[in-house]
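What follows are several structures.
Paired with chain B in one complex and with chain C in the other, chain A is shared by the two complexes that follow.
Up next is the complex of A and B:
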């Protein structure tokens, strides 16, 4: 398999259906499994809570909870019981989906090919390198933003936001288009940022994997294989920072955008 | 986006800028880009609606560009706001 085919093969989803109704099964199944992992872990955790001397894992979970609730308190004006659980879900779920990037790129696709017996089976294991995942999450957040905009400001206030912002009352048609563009750009920037960062990260991992894969022929492997290990380790450590940062930014921006929807003074 | 939170002169909720809002700065680049993309999208939709290709497409892209610059400018001008105690620190 050539270099181009290798990369294309890794960046193609395992799909069912065609046209508009194409389902990326690997994205759906893996993101669902990771969601189930969160639910199960939380359920088990909830049963074995200790008030006095919590164990190591409970401490870890509590520190994440503390971290998220501090951020919600900093960024969110007023009170809404939905925001903190939503932020926590987004943070952990996005982080876990991003974390799939750190599993060796060939490992799970190879195992999948062994299990199915099809040596050309596609499998893309990082759900956030699929624009469908990130856009779906961004649109969910967008729907919540719209809901709270109407709920808090009232329908009149919501329409007023479209009419008189940002250029005042003399440029109403321009204001409508401008506000429309601003609102559409929110989910777009949320989705594209996460997708772009994860896709680029995955691509770098693939390129590093190619060093050992295509260049290491015979004795040359003695040179290329250690180089690949070194580069992989470096990028892995850096990428660990990136996936955390991206999950964190997605969470914080969700809180900030929802906070703006709650801001009546607009 | 509600600009009352971003506008340095209009930060009525608290005396200091909210720390979490600073994370919007991290995404200033992608906000700018997505404003232009959103401009194209809205323009394309309006063109399909009124059958006026490419007037709205170009007009909205321009508006998105202007809005993007305006927004990034507002975001970065938050950097000029220094909380009161830090200002005192700098004087002494």
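Up next is the complex of A and C:
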């Protein structure tokens, strides 16, 4: 199998359906499993919650909760009970989906191919390298932004924002274009930033995997195989920072955008 | 990598997950943490209050102690005064008694002296008479010479 085919194979989703009604089953199943993991772990922990002396895992979760609520307090004016759980969900879910990137690129697809018996079965295990996932979250956040814009500012205030922001009443056409771009760029930048980072990270993992896969033949393996291990480890450690940072950025920007929607003077 | 119906599924999944996370994770845990925070704050304020009360009690105890000391001092000085009064009284009484006893003794002595003198005079008088009788070899008529004898006795 050639280099190009190898990479393309890894970046193709396992799909059901045709045209728009195509379902990327790997994305859907893995993101659902990770969501279920969050809910089940939380539910299990919920049974043994201790107010006085929290145990190890509860402490860990509490520190995440504390971290998220600190961020919400810092970046979000006023009070909205939806913001904090939303931010927490984004942080944990995105982090877990990104974390799939750190599993060796060939491991799960290979196991899947063994199980199904189809040696060409597609499987892309990082849901955030699928634009559908990142756009889904970004659109949901965008819908919330629009909803709170109208709810807090009123429909009149919302239209006024389009007409008179940012250059005042003498440049209404420019204002409309500017505000439109500003609003539309919010979900797009959210989705594309996460997608781009994860996609690129996955690509680098694939390229590193190719070092051992295509060059390590015979005696050359003595040189290329350790190099692959070294590079893989380095990129893995660096990528661990990237996935955390991307989850954090998605969360913070969500809070900030929703905070702006709640800001009446804007 | 095109956008397709997966998007819709993922939107539903995301919304559901937010709802679930709020229900099973954020809700109970943040409530718990809030309660704990409140408990700690309550405990701290109670401790602060206790400290304040302790301070007040200490101050009160100090005052009571000061009062007691002052009272004790008062009682002590009163007792001292009373004691010195009693001593003074006793001294005065003793002096009076001594004076009285001295006066009585003096009076007795004087009485004794005058009685002795009287006795002596009578003795002398009788001696003189006896002497004179012997000298004159005859009885002196006491009645005749009474006047002379009396003057003699008195002159002794």
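Criterion: the second predicted complex is superposed on the first by the 266 of 266 C-alpha atoms of A that agree within 3 Å, B and C clash if a C-alpha of one lies under 4 Å from a C-alpha of the other, contacts with A are read in each partner's own complex, and residues count from 1 in each chain.
Simple rule for what comes next: a residue touches a chain if its C-beta (ideal position, glycine included) is under 8 Å from a C-beta of that chain, and two chains touch if they have at least 3 such contacts.
The model shown is predicted, which means the values in this text are computed figures rather than measured ones.
Asker: If you stack the two complexes on chain A, which partner ends up touching A:260: first (chain B), second (chain C), both, or neither?
Answerer: Touch status of A:260: first partner only.
Asker: So, A:252: does it touch chain B (first), chain C (second), both, or neither?
Answerer: The first partner, chain B, only.
Asker: Could you say whether A:159 touches chain B, chain C, both of them, or neither, answering first, second, both or neither?
Answerer: A:159 contacts neither chain B nor chain C.
Asker: Just to be sure I read the superposition right, which of the two partners does A:65 touch: chain B = first, chain C = second, or both, or neither?
Answerer: Touch partner of A:65: chain C, not chain B.
Asker: Can A:233 be said to touch chain B (first), chain C (second), both, or neither?
Answerer: Once the two structures are laid over each other on A, A:233 reaches no partner at all.
Asker: Thinking of the overlay built on chain A, is A:49 touched by chain B (first), by chain C (second), by both, or by neither?
Answerer: second
Asker: So which one touches more of the residues on chain A, chain B or chain C?
Answerer: C
Asker: Touching chain B in one complex and chain C in the other: list those residues of chain A.
Answerer: Dual-contact residues (chain A): none.
Asker: Applying the document's contact rule, which stretches of chain A touch chain C when the two form their complex?
Answerer: It is residues 11, 13, 17, 19-24, 27-28, 31-32, 35, 38-39, 42-43, 46, 49, 51-52, 61-62, 65-66, 69, 82, 84-86, 88-89, 92-93, 127, 130-133, 135-137, 139-140 of chain A that touch chain C.
Asker: Tell me, which parts of chain B touch chain A in their complex?
Answerer: 1-5, 12-13, 18-21, 23-24, 26-27, 30-31, 33-35, 37-39, 41-42, 46, 59-60, 63-64, 67-68, 70-71
Asker: Taking the complex as given, what residues does chain C use to touch chain A?
Answerer: That would be residues 1-11, 13-18, 20-22, 24-30, 32-33, 35-36, 39 of chain C.
Asker: Going by the contact rule set out above, which residues of chain A touch chain B in the complex?
Answerer: Per the touch definition, chain A meets chain B at residues 71, 74-75, 77, 165-166, 174, 177-178, 180-182, 184-186, 188-189, 192-193, 196, 248-249, 252-253, 255-257, 259-261, 263, 265-266.
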